[in-house]
Every structure is written in C-alpha cells, then in structure tokens.
Amino acid sequence: MPSVISFREATKIYRSSHLGRTIKKIGLVDFSIDVEKGEAFGLLGLNGSGKTTTFKLALGLLTPNSGTVKIFDLSPMTRSFYSRIGYVPELPYFHSFLTVKACLKFYGKLSGLSQADIQSNLDRVLWETGLVVYKDKRISELSKGLSQRVALAQATIHSPDLLILDEPMSGLDPLATRDLREYLSRLLEEGKTIFISSHSIFEIEKLCHRVGVLKEGRLIRILQRKDWVEFPGGLEGRFAEIVQNEGSTKALLRNSVK
Amino acid sequence: MKQIWVLALDSFLENIWNRIFILVAIFGGLLIYTSLLLGVLAADQELRVLMDSGLALIEIVTLIAGLYFSATLFLKEIETKTIYLILSRPLNRLQYLLGRVLGLLLSLVLIMLVMSGLHVILLLLHHWNWQDSYLLSLLGIFLKVLMVTAAAVFFSLLSTSSIAAIVFSGSLWTLGNFTPEIRFMTQKSSGLAGVLGQAALFLFPHFEVLNWSGNFNGAIILSGASYALLYSSVFLALSWLILRKKEF
Amino acid sequence: MRSFLPIFLSFFLLNGFFSSFERPISLPDLSYSKHPVEILAFLNLGLRRLAADVEMIRLLIYYGSSEAMADELNPPKDAPLYPGMFFRAEEILNLDPSFNYARLYAAGALAFSLGRPVEALQLMKEGLVLEPENEQFKAYIAAIAFSAKGDPQKAVDALSPYLERKDTPSMLINISAFIYYRLKEMDKAASLYRRLLDLRNPEYHSIAKKMLRRIALDKTFSPRRKRFKR
C-alpha cells in the first residue's frame, strides 16, 4: 500500500535577489520520509530548521528544486486529493468580523461540502473542538486558544484523511493543549494520518508514533516511539542530545548546495 | 464555479465590513460640500457642474478603492497566511484568482451603486430630469476602473509590493487618459517623436473609448465595452500565469 | 516566458487596434492659462469636462469681480475692462468645445456688456464651425451684428426665440429684458424678468424683482393711464 506522504530526497533552496546579487537560503536538503496511513508523524527542530518548508512542499505551496513529494501517491500539483487534507498553519488568521459558525461554513464550502454535509459536519466539529458555546461569537471576540480551536475545526470540517498541523499547540493553555491532544488521539483512532510539528515536545511525545528531527534543513534522525520511551530523559532528552551532538553541518550543507 | 462564488462572496463581505463605508462616507461628505459650494459659484450651470463633479468623484473614489483592494488583495492574504488555508482546499489557482477578483468587482459595484444613489438624490433635489445616459456614464467608469484594477492585480503579483502596484497601475490610468492628445500629436509629428507617439498608443490603454457622455451609439458602446473586457482579461491571464507558478 | 509572450503581444495589438476608435483631441493651448498645472492634472485624471467647469466658475468669479483688471499683468492704461474674457473663454472651449453655455455667456458679455463684438463674433464663429446647423449660434451672430450697428431692437428680437432655452445664460436674459424695458416693450420685459425669477440661479432675482416693481409703477403712471384718470 502506498504511503500517505512520501518525500524522496526533496531539496528546497530559497533564492532571493538583492542589488543584483542572488542570495540562497537553505529550506530543506535531501529530505526523505514515508508517513503511513493511521500514523502520527512529528517533526521536531529548532526555528528555521525546515519544518514549515516541509509542510508547504507537501501542500504544493512550494515546489522542490530536486527530489519528489507525493501525497496519496500523487504530486501536490494534482489538486484532486485536497479534499482529503486538512491543514492548520502556524498562527492562522480568520476574518475578525465572521462568527465561528460562518467561518467554518466558508471553509466547508471551499472544501466542496454540500449544504447538508456542512450542517451535519459543523455540529460534529463544533462539539469535538469544544466550540459549541462560541459558535455565534465573532472571531475578534475569541482568545488565542479559542482561535486555535477554530483553526483545527476548519481543518477537520470536511473529515480529511490526512491532517497537516504546523505548531497547532502554539498559544494554547495547558488545558486546551490537553483537549487538543485528546481530540487528535481520537482522530488517530478513527484511522486518520497526522503530520505535525510542535515546539511542545511533551505533546509530540504522547501523540506521535515516529518523530523526525530536523536541523538546518536536514533530517538528522528518525526516532521510533521505543527510542524515547526507553530513554531516561524521554523525547526531550533524546532531541537535545541529537541536536547538540550533531556536528556542525553548515560546512557540509554549503558544499552540497554548491 | 461554486468555489469561485464562495470566494467572491467572502472578499465582498470583507470589503464591506472593513473599508467601503469609510470611502462612501468620505464621498458623501465631499459631494454635499461640493453641491453647496457649486450652488453658490456655478450660477446657471449648477446642475452641469454638480453632474460632472459627482461623476468625477464617483470615478476617483471607485478608482482609489479598486487600486487599493486589488493591490493589497493577494499580498494581505499571503501576509496573514489566509492563502495557505484556501490553497490547501480542492480548488485550483485560477478559481482562486477569479473568485477574489469577482469579489473585488462586486465590492466596486456596491460602492458605485451607493455613491451614484446619493448623487442621483442630490441631482433630483436640484430639479434634474432623469436621463438614461447617466447609467452609461456609470458603466463607462466601471469599465475603466476594471481595466486599471486588472492591471493592479497583475502588478501586485509581479512586484509583490502594493505600493509599486498602485504606482504602476495609477500611471496607466493617467497615461490612458492622455492617449487622445498623444494621438493628436502623433498625427502632427514625424521622425522619432512620431514613432514614440505611435509606440505609446500600443502601450497605453485608451480610456477615451469609454467616455460616452458626448456622442455615442450602440456600436461605440459595444466596441468600448469589448475593449475594456478584453484588456482586463489579458491582465488577468498574465496574473494567472504568475500565480500558477508562484511559491508562498 | 513562452506563454507570456503571446499574451503580451495580444495586449499590444489590442491597444493598437482600439486606439483607432479614439478621436484625437488637441492639447488645450495653455500658454495664456493662469492654472496650466492644475488643468494638466485634471486632464491626466481624465476629468476634462470638470476642468472646463472649474475654469468656467473662475470666469464667472472674474467677471463678477470689480477688480478684474488686477489679475492681468501690467495692463496698459487704456486696457479694456475684463481684458482676459476672450482668452479665458477660449481656454474653457478648448477643454470642452461642446460647452455651449460658456460660449454664449462669454460672447454675450463681450458683445452686449463690454462692447467688444469682434471677440464675441470670433467665439460664435468657432462654435458654428463645430455645429454648422446650430440655429441658436446663428441668431447670436445676427444679434451681435445688430447690436454693433446700434440696433438693439433687432438684436434682442434675434435673441428672443432662444431665451427660453436651458443653456441661455441668465445674464443674457437680463440684458434682453433691460433692452425691452428701454424700448418700452414692458410686457416682453416683464415676461423675461419673471423668467429670471423662476430660475434657480438667484443672481438676478433681486434685480428682476426691482425691475418688475418699476414696470408696474411705470404702467400705473403711464401717460395713457393718466389720461384715463382724467
């Protein structure tokens, strides 16, 4: 059975011109992973390590300079499978004048849902994300944590098979974080696939089956659950150990870019 | 088509909510001030001046709104990451472009309707008799703004700077209003000046073909409208070519 | 880039083709203009008609000002009153040749108030070149000629069929009414003064009321009336 997400030596180098000089910035180098159906795969890395670039490549918002990216065994440029994806970007923005219900209906319609499906899915998703009591509130009246729930609700209103979540716990209080994790666990039980990044290592540790560690655009290690469960410092300890011990790869990367 | 309409409605609502009323309020204030002032100054020609200044204000306000909406449309969506949420849905980039542009045009139509409503009330208060040519003038204004708006969408995607987009498309506006004079001068010139003038006629838009306040007939209106629609379509096609390959 | 090329080409062809539908318009002669930059700004914004309107308002203010001489640079001692009248009117008509009110107003003022029929005729002849069938223009030319020959009766008779028209300046109705009054044609004069009162432009309302009172008094104490009383 083909993987839900498949990266093969995907490389993304950002190029920008300034005063006639082309500046190159590494996004991702030779990135290869396979995420299977029903799996929760986490990406860990410091800021600028390439997590968001990975997600954008998966969504076709960026195209790789080399290598391939496939989602449901298709190129992200083939838009037919996008109704099977739900995406939460980091710190998303919603029109502040919309109510929670109107906002979710908008994304439901964009996802191609019929009027009847929108109504039934809306009730479900409002319930699951704990937004029922806020459904008639305007987005502008919501706290950061509630906005983040709206972000998750818009990503799941069309019952996607794959969730791509970029820092979904950002700005959430501990209780909201726990609720979110529980919600994602339920989705996993339903057989959904989750591709997630977060600075909250504790949540990743509890949710994910596997974790990829990124440093300066390079995937330096893929950890199985047993790799951190049996480790004294847990995933956090493993991550710190790996990132700190990884020798300076900058010179190496520069060479590979050239 | 459903997705295009959903996006159009979203843009329309956002524009109404955020900005349109401010523009219309400014227009209303300016219009009433102008009418009071002109009542004193223009003597017998109060009605003509009120008509001309009102239409000019409608044109300028719609143009400003069109330039602002179109130059910031995609850049704001990129900045707020809304575009990620939309492009990660089952719709292609052409649908996205058409939806957003349609929403923008609906907003402009609403602005024009409200402003011209105010204008007509003021004219009727000055004992103006309704003329169908008023609607044609409005259509001409809308088509002119449509052309510049389409250009602004293209420039905003090309330059990724809303200020540059406003400057480029605003320049098109002024140059496009000057082409009858350029044509006149070209006819009288020879040599390099003539060649440059001729080149300008191929480069700049021709808004004069949409000025239907004087002599007009069905053929003139049809040719003017086809020009505006084709011209805008060319800019939208160019915008799509950029958007198709654009990385976010 | 390959897909951009045909679209750019179609853009040029489109502009080139539709430019032939555009009537060429001469740049207005701004050498005598007092506000050339402002007029160019209006033209750049496509507001040619409004530029003409603004210049017309300026002409009205100019003609309404007793210090009209002051805005002309170093006027000679024997300079005529409102020396800039003709050039200001020409400037307006350059901007909007179909602005008949401006043509009639300036020609009327030049011919019947300022005694400069040559300039007035020039304005009207230019109008006739643009609209050869315009009967109102022809009547004005005749009226200007009669007035120059010192025959106000014929001048005002030539004008009278057109005084009811919307684009006739109130000033001309006022002048015509006064000529009728001087010619003792009180009914015609009164009718024109009443028309002035009906107009929205209040400029001549007080003078019209005053003249109507005077006409009423004149009728009361006219020799015929006096005879009747006796």
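By letter and in written order, the chains are A, B and C; residue numbering begins at 1 in each of them.
Here is the rule we use: a contact is a pair of C-beta atoms (placed from the backbone, for glycine too) under 8 Å apart; a residue touches a chain by one contact, two chains touch by 3 or more.
As the structure is a computational prediction, the values presented were derived from the model and not from experiment.
Asker: Graph shape for the chains shown, where an edge means the two chains touch. Line, ring, star, complete, or other?
Answerer: line
Asker: Going by C-alpha centroids, which chain is farthest from subunit A? Tell me that one.
Answerer: C
Asker: Could you please state the distance in Å, as a whole number, between where the Cα atoms of subunit B are centred and where those of subunit C are centred?
Answerer: Roughly 34 Å separates the two chain centres.
Asker: Report the inter-chain centroid distance for subunit A and subunit C in whole angstrom, where each centroid is the mean of the CA atoms.
Answerer: Averaging C-alpha atoms per chain gives centres 74 Å apart.
Asker: Please tell me the distance, in whole Å, between the geometric centres of subunit A and subunit B computed from their C-alpha atoms.
Answerer: So the centre of subunit A lies 40 Å away from the centre of subunit B.
Asker: Among the residues of subunit A, which ones contact at least 2 other chains?
Answerer: Correct list: empty.
Asker: What are the residues of subunit B that contact at least two other chains?
Answerer: Residues of subunit B touching two or more partner chains: there are none.
Asker: Which residues belonging to subunit C are in contact with no fewer than two other chains?
Answerer: In subunit C, no residue touches at least two other chains, as defined above.
Asker: Residues of subunit A touching subunit B in their complex?
Answerer: Touching subunit B: residues 56, 59-63, 79-83, 85, 87, 89-95, 97-98, 106-107, 109-112, 154, 164 of subunit A.
Asker: For a test of understanding, state which residues of subunit B touch subunit A in their complex under the given definition.
Answerer: Per the stated touch rule, the residues are 2-3, 6-7, 10, 13-14, 17-18, 80-82, 84-92, 247-248.
Asker: Per the contact definition, I'd like the list of subunit B residues that touch subunit C in the complex.
Answerer: Its residues touching subunit C are 38, 41-46, 48-49, 52-53, 56, 59-60, 126-127, 144, 173-174, 176-181, 183-185, 187, 201-209, 211, 213-214, 220, 223-224, 227, 230-231, 234-235, 237-238, 241.
Asker: Touching residues of subunit C toward subunit B in the complex: what are they?
Answerer: Touching subunit B from subunit C are residues 3-4, 7-8, 10-16, 18-19, 21-27, 43-47, 49-50, 53, 56-57, 60-61, 98, 101, 105, 169-170, 199-201, 203.
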